[in-house]
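Please find one structure pasted underneath; my questions will follow.
Letters A, B and C mark the chains as written, and numbering starts fresh at 1 in each.
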Amino acid sequence: MDPLERLIAIEDIKQLKARYFRAVDTKDAALLRSVFTADATADYRGAATDPRSGVNAIPGNTEAVVIGAEAIVAGVMTSVASLTTVHHGHIPEITVVSDSEANGIIPMVDRLTMPADSPIAALDGWGHYHETYRKEGDGWKIARLRLSRLRVDVTMAD
Amino acid sequence: MDPLERLIAIEDIKQLKARYFRAVDTKDAALLRSVFTADATADYRGAATDPRSGVNAIPGNTEAVVIGAEAIVAGVMTSVASLTTVHHGHIPEITVVSDSEANGIIPMVDRLTMPADSPIAALDGWGHYHETYRKEGDGWKIARLRLSRLRVDVTMAD
Amino acid sequence: MDPLERLIAIEDIKQLKARYFRAVDTKDAALLRSVFTADATADYRGAATDPRSGVNAIPGNTEAVVIGAEAIVAGVMTSVASLTTVHHGHIPEITVVSDSEANGIIPMVDRLTMPADSPIAALDGWGHYHETYRKEGDGWKIARLRLSRLRVDVTMAD
């Protein structure tokens, strides 16, 4: 692949992922929709499970792979509606496979504060997004997203 | 705009912002001065206000837009003089408008520890810098900076 | 230096550092070995010392410069074996000196949870990696690594 084209793709994918984070944290459904391919899949299984204990702190949530951008956006927006969230991405590893395909590993931290009536007060998590990207007519999109966890700290409500 | 020139501008602006963070946290006034245009404006209003409560944890501080690089540097240096601070930037969205103009959104976290005699022990904040950049003879500079907050956690002194 | 070559080097060094972080946190010795030159040096002195107090929270550890990739990998793997660790890098300053030499300053945060029998429960640190890189036949490698600290927070076990 042309070296300049590769760098352009990497920068555009970084900004794509930055828009994903900003869309989730500012609860911007239209912006979030714009970062996914229509047929995208999102695998947030384990997002609320500390890999050290294996305990899922938020049963019922994030237990299945979500298929399709519309379903992903609806699911994320429902999840974050009553929360204050921060999601940040760190120095990523993005590999461009072809003019229209790329893979990425994105280190991440998130910090969720739950609503007052929740048994859980807060969830602080660290891990990596493992993603594939596809270039469409209007730019790079996330085609597949999977979140793996290094640790999840749960703070119970008093 | 030439694609290579765009990528060079984006990388140079990222490094500009990295110098901003390092200058604040290492309290390096000369380095901090070097990242701003002479006529820069900095809008830190709300930096100490949790958007959920609307309460400004540090009244009297960060209540006005600061105009001019000299005033910005003096204000930041006064603010951080007695504090231990960490400011970090995450995957940014930088848009190059022309050969000499660009915009950016920089996700951020900061962690401030207050002096022993302060009623506040610590402030942990998350948000985004919204910035404009201008290219001058010696490179890209921050021309306008505004900080918006996702959350601000204040820990009171015992 | 050719501007495109410079950008390629910077992106490749960012991904090198991302692999370093991922190797440490996923405890992948082979991946960690791959990021260093054979003659690399690692200076983690002060990594467990809060610069405000000067107290080394983990005496006996990180007290000497480690020489050679094999020794660095062995030392890191021993250090993290019983810990849960997260290390993240933020917007870096990378300066390409020549086709085969570069320098970098990488802002960082780490979060270590100690084993149950340790007097220390957790260590949260912030600082900068100061690094030099060398390009070898199979790409850029870390030739020298030094960690400076802005702050280190130690949580004692109950």
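Just so we're on the same page, a residue touches a chain if its C-beta (ideal position, glycine included) is under 8 Å from a C-beta of that chain, and two chains touch if they have at least 3 such contacts.
Note that the structure is a prediction, hence the values are computed from the model and not measured.
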Since chain A and chain C are copies that touch, is their contact same (over half of the numbers shared) or different (under half)? different
Superposing rotation of chain B relative to chain C, computed on C-alpha atoms, to nearest 5°: 120
Approximate Å spacing (C-alpha centroids) for the pair chain A, chain C: 26
Specify, in ascending order, the residues of chain C that touch 2 or more different other chains. 4, 7, 90, 92
Taking the touch rule as given, give the residues of chain A at its contact with chain B in the complex, in rising order. 4, 7-8, 11, 14-15, 17-19, 21-22, 25-26, 84-86, 88-90, 92, 106, 111, 113
In their shared complex, at which residues does chain B touch chain A? 3-4, 7, 10, 52, 90-94, 105, 107, 109, 126, 128, 150-151
